[in-house]
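Okay, got some structures for you below.
First chain A sits with chain B, and in the next complex the same chain sits with chain C.
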Partner chain A sequence: MKPSLGEKIYLLAVYMVLAGAGLLCLLPLVHIASVSSSSLQAVASGHVTFYPIGFSLDAYKQLLEGTPIMRSFWNSMQITVLGVIFSMLFTILAAYPLTRSYFIGRRTYTFGIVFTMLFGGGLIPTYLTIRSLELINTYWSLWLPGLVSVFNLLVLRTFMENIPTEVDEASRIDGCGEWRYLLRIVLPLSTPVLATLALFYGVGYWNAFFNVLMFINEPAKFNLAVLVQQMIQSQTMLSQMNAASGSSEQIMLTPEMVNAAAIIIMVLPMMAVYPFLQRHFVKGVMIGAVKG
Partner chain B sequence: MNNWTKSTTSAAACLLAGTMLLAACSNGDQEPSGGASSEGTSTSKPKITVSIYDRGNVPQEMGTIDNNRWTQWLNENGTVEAQYVPIPRGESVQKLNLLFASGDAPDVVSEFATSFRNQLYQQKQILAIDDLIEEHSVHYKQLLENYPELRKAATKPDGSMYEFGRVQQLVGFQALFIRKDWLDQLNLEVPETVDELFEVAKAFAEQDPDGNGQKDTFGIALSGETGAVINTMFRDVDWVLEDGKLVRGWEQQNKASAFKKKIYDAGLVDKDFLADNNGQKAQQDWNSGKTGIFVGRTIDPVNVSQYYEPLKHNVPDAEVIAIKLPSSEYGRFAAGVNNPVQMTTVINRQAKNPEAAMQYIDFMASKEAGEMLRYGVDGSDSEKAANGCPRPKDAAQFSKEVSWNLDFQLLMSQIELEPCAGILSQLDPEKPLEAEFLELVKQNNEANLGADVEYASITHGEHMPTLPDDLSVVQTNVSKIDDIYNKAIVGGTSFTIEQAYTEALELWNRSGGEQLEAFYVQWYDENKDTAFLAKDMWQFVKED
Partner chain C sequence: MIRLWRRNIPLYMMFVPVIIFFILFKYVPMFGAVIAFKKYNFADGMLHSPWVGWDNFKLLFSTPTTLQIIRNTLVISLLSIFVGFPFPIILAIMLNEVRRMWFKKVVQTLVYLPHFFSWIIVSGIVITVFSQQNGLVSGIWESLTGSTYPFLYREGSWLAIFVSSGIWKEAGFSAIIYLAALTSIDTTLYEAASMDGASRWRQIWNVTLPGLRLTIVLMFILSMGRVMEVGFDQVYMLQNSTVSNISEVISTYIYKIGLMGSQFSLTAALGLFESLISLILVLIANAIARKYGNGLW
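What follows is the complex of A and B.
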């Protein structure tokens, strides 16, 4: 069936809008990548837009030699990988019982969990709590307070509830217990949503910034987000200072290209992980579609 | 089936416990790296905690900001053992607030933000230091005797000193750069008044000074520091003296905005200057040789690569001079200068051993510590240059080993290290670019420190009083006045300066601006004899 003229125009418009939206996301990144691999002269004169001018990898060399970026990278990895494992484990273990109709007090528990979404403790009480638990300066201060995101928990619970009860009944008849049912039936059926949630948690931990800043005091434990922010902030503060204070801060300036290089190193792992998880997203969308 | 469930349950529990244990271990591994600074050099010296800015710029192989070559040197050579508490520079006030609120704040706290230190004073979180200095200090006491202004700046309304600081020579910080080659090309004189400045900018924008046949040049920058310095030319600095009273300078703001509007309407500037809120675009235009008049800085050797090297790279024939600010009907003013007496450090009231904290500060203020932190080890990090001043032996090595320690120098009085500490001795006259920039530094100091120019504000921003909380809110509300005037600058005939003034006044009255004015009037009235004012700053000009 050949598309009619109207459809063609419609498709063209859709493609153009989507391409525009895609470019809006892509171009800033391309610009940063170009800045990070251009010469100082070209960057300082504002010549660099979407491709490197005077290609050089000096910024990356300077970054690796002059800043603790590798250590921060490793720290970020640790926070993210372990954090995702813990968070997923507890999210699953909390979501599954809440889907079982024979679980007594299900509504009470759900209410209790959802209730925590309404307010937070505030910075200083949170800090005092974490300190009295002796979690300051450990990554547990990042993992434990936000171990289970209520939103993610609800998403997972809703997904699990949609698994037909017939599947449950059939497996019970075949002699399947609670654990096996969860591990062999529910989780494999939930891979799309599990992949999505893992990514949510992963992005959250990878970008963890404020908690690291407040709860971690040792620079050796800082992650990438904090390091990159420190580098960029030092520069912004400088330009805001309009003659407000003396020379002291001037020399500390990290060249713009080095900051750009740091940003690239920070976004790269997330970009590398995305394509592998996208398969599951698509699958998740399709399952929904077939079910109608 | 029950048995089976049980065994699976326990297996899963074991797995869970195992993961946690594993994670705890991997975390535990790191403990020594951070904690080593305190245990590594265990002696009988008294221990204190000290805040240190962390900017993420310590090379990995040099350790961390709280445990490195310099902390080790300071702890070995000082009389106390300092344990450093890193404070991320970008969020320093927030982090320090958190530490104070939870009782974890370090004994010695350094912070640039005057408002934060004043807040600590108002909350009675810091110690009065007069007696400590009198009884436990050598170097700092000497410094106070040599520079009585330091006492003036440290004294709070209750009459006691609360802050430690550092003293520097007064030097030009901002410089009004103009393209000399363009002036010559078009047969123009250096502008002496704001009207001449307008004419020169007009010629720069319209008569193709770069000779490329296109009308693609800007007469002057309008965003970033250049915009601020144009305000300075008209003494548009918010609070001005009138008949011995400190009042808001409406008339000055109107005149400065009218001037900006005039150059904007004449098309002499980047039409999108308002989008350039940190002045980066203006700097790029200057560096690519598109702007004729621009405000840069001449305070630090790094300025060479910021404002001069890229320009000379793009336009090898470019010739730059630093000139005096043109005069306006309000007088002739200095562009931005540094703060010669900068307060940086306070002692926490909760400090267990204030004497030890004082000894630490005294050591940090000593010439011995200052020279070591500034130049490193003589012979291996730096060596004497032709002018008799230490200079880095190898620039790359020096920046890896030494130059990131700047935040340890917050108590170092640079003036004691002169003539070697300033930019004049740090630039290498053997290198053509640096030699040329050296000339610019000299021109700029001459232009801004002389007796024929006045400092536009009553004092450096860091010495202005801190507003009480309720007035800070008013201040935030009335700061939108600048937006109103910006709207007028780009508004053409549809929104004039007069209209902006009416609107601004209305906002001012509605937000409680008169309370602000009353505060400043009263503050000046009560403190004009004791406060650290512009005339005190000019005590620190180098005498030839």
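What follows is the complex of A and C.
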């Protein structure tokens, strides 16, 4: 079937639009990276577009020396790694029994869990509950409320249900107990979905802002997200940094440069991990999409 | 019978922590929402604070601020949904047309990326790019019109930026659902159509879109069900006092007045109102979706 001229033009248009869309997603980040590593004059005059002019890492130096950004980075790391471990643990422990048809109360539990997706106590009651448990200002207040995402749970459960019953019966005949079946057979078979869910949880914990804002009062415990947001919103950080620089030459930086550098620091871990995990999560989301 | 119980023991060992979690952190707050009908104070806690019935609600709905907040929430939400709706669909259809795998993979990688950025990052980018002093867009605008424009400080442009940044962030990732649906369309339909002489465009109109109709309806209904939930992060990052008339939404208001201002009962009432409306909307949405043959459960 020979493509007509109209079809060739159409296809060309599609490619161009898609290329545009891809660039649109990439270029803002490139611009920010350029701003963060350009010289003061270039940024102030508004000439920086997509490559650094007058390459300098002053903004980063100032950030690392004058602000608690490394500590916040480390906090974010702690919150994310431990959060993913806890969440994955509980999600697995929740999903597996729900796939067993002989689990007493299965329907009730499923309904009870799905119901929490539709209706919640709201922000204030949740806050007050956490407070009455005296978990304010600890990282538990970040891990516990969002421990299990019902959406992730359902995705995992669907995947587990699709494990053929022959595998189940064969292991049953071999005298395999529930724990061993879960650990030796179900989990190894579920690695794509587990990787996807770990990624989703990880991104959620790394980017957590509102919860940290709500529950954590001590600035030393802030995570990267809150710190960067404060920097972007207020100029006082900048003057603090200038005061802390201490060197005889006042290194003047525009707020944009500092913000840009902070944004890059926050994005870097994700960019490092993203290409490797990208192929996995598309499959995971498609499984979730089939469900609902 | 005993065998059934015995088989359930390891399962319950696994599940009991989960039950505790859901009760403690999901259902206790649900019942704690009862403070919407009380006048909460620290000393008496959730259980013993004095009962005031509908007073909080009456106060809430007689204040013009509340109605403005709700209006803002709906405006922002509906705009975001309606304006943003076509983009993932168009993106998915276009990606489906591409035959060169490497191109498709690269574009997909790029386009899914913004979904993983937190709103801190996206708002940081927006604020930098639209900044009146040195922003990239401001520079271009200045060379075109000769003067600068306070993009983030005028209600109209703020709203446009808000909605566009939301689309930028989520359109790519949302397209995955449509891409999945596209793969389930019977390819023989395409062959039959092209044999009847249909051009690619015609094929999209008559085969692809009808094939997607179910998914589109479902996604639309689902987003309608969540119209009251304007996320805190996006609004909080992008708002400023100049545009507070249109940018204060339910979630940010509850945070500021409830948490920061310690008006717990009042904002709990607002939160309960929001949760109830959301629940009703989702139930209605699901009932309609059932009519089309595809419910959530």
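The rule we apply is simple: the second predicted complex is superposed on the first by the 238 of 292 C-alpha atoms of A that agree within 3 Å, B and C clash if a C-alpha of one lies under 4 Å from a C-alpha of the other, contacts with A are read in each partner's own complex, and residues count from 1 in each chain.
Throughout what follows, a residue touches a chain if its C-beta (ideal position, glycine included) is under 8 Å from a C-beta of that chain, and two chains touch if they have at least 3 such contacts.
Everything quoted here is computed from the prediction, not taken from an experiment.
Trainee: Between chain B and chain C, whom does A:Glu178 touch in the aligned arrangement: first, second, both, or neither?
Mentor: Both partners.
Trainee: With the two complexes superposed on chain A, say which partner A:Ile124 touches: chain B (first), chain C (second), both, or neither.
Mentor: both
Trainee: Counting only touches as set out at the top, which of chain B and chain C does A:Thr158 meet: first, second, both, neither?
Mentor: neither
Trainee: Now for A:Gly46: first (chain B), second (chain C), both, or neither, which partner does it touch?
Mentor: In the superposition, A:Gly46 contacts both chain B and chain C.
Trainee: Could you tell me if A:Thr191 is touching chain B, chain C, both of them or neither one (first, second, both, neither)?
Mentor: Neither chain B nor chain C is touched by A:Thr191.
Trainee: Under the stated touch criterion, which partner chain does A:Pro68 make contact with: chain B (first), chain C (second), both, or neither?
Mentor: first
Trainee: Identify the partner contact of A:His31: answer first if only chain B is touched, second if only chain C is, both if each is, neither if none is.
Mentor: In the superposed model, A:His31 contacts chain C only, not chain B.
Trainee: Quick check for you: in the superposed arrangement, does A:Tyr10 touch first (chain B), second (chain C), both or neither?
Mentor: After superposition on chain A, A:Tyr10 lies in contact with chain C alone.
Trainee: On the superposed three-chain arrangement, identify whether chain B or chain C touches more chain A residues.
Mentor: Looking at chain B versus chain C, the one contacting more residues of chain A is C.
Trainee: Give one of first, second, both or neither to describe whether A:Met214 is in contact with chain B, with chain C, with both, or with none.
Mentor: It touches chain B and chain C both.
Trainee: Report, in rising order, the residues of chain A that make contact with chain B in one complex and with chain C in the other.
Mentor: Shared contact residues on chain A (touching chain B in one complex, chain C in the other): 44-47, 123-124, 127-128, 177-179, 213-214, 228-229, 232, 254.
Trainee: Per the contact definition, I'd like the list of chain B residues that touch chain A in the complex.
Mentor: Residues in contact with chain A: 1, 4-5, 8-9, 12, 16, 19, 23, 26-27, 30, 33-34, 54-60, 64-66, 85-86, 88-91, 94-95, 98, 101-102, 104, 112, 168, 173-174, 224-225, 228, 278-281, 283-285, 287-288, 297, 299-303, 305-306, 309-310, 313-314, 335-339, 342, 399-400, 403-404, 406, 409-410, 461-462.
Trainee: Quick one: in the complex, what on chain A touches chain C?
Mentor: Contact set of chain A toward chain C: 1, 4, 6-7, 10-11, 14-15, 17-19, 21-26, 28-29, 31-32, 35, 43-49, 90, 93-94, 96-97, 100, 102-104, 109, 112-114, 116, 118-129, 132-133, 144-145, 147-148, 177-179, 182, 203, 206-207, 209-210, 213-214, 225, 228-229, 232, 254, 256, 259-260, 262-263, 266-267, 270, 274-275, 278, 282, 285-286, 289-290, 292.
Trainee: Within their complex, state which residues of chain A touch chain B.
Mentor: Listed in rising order, the residues of chain A that touch chain B are 40-41, 44-47, 65-72, 78, 82, 85-86, 89, 123-124, 127-128, 131, 137-140, 175, 177-180, 213-214, 217-222, 226-234, 236-237, 239-240, 242-254.
Trainee: Chain A touches which residues of chain C in the complex?
Mentor: 4-5, 7-8, 10-12, 14-15, 17-19, 21-22, 24-33, 35, 40, 45-46, 91, 94-95, 97-98, 103, 106-114, 116-121, 123-125, 127-129, 131, 133-136, 138-139, 168, 172-173, 176-177, 179-181, 194, 199-201, 232-233, 236-237, 251, 254-255, 258-259, 264, 267-268, 271-272, 274-276, 278-279, 282-283, 296-297
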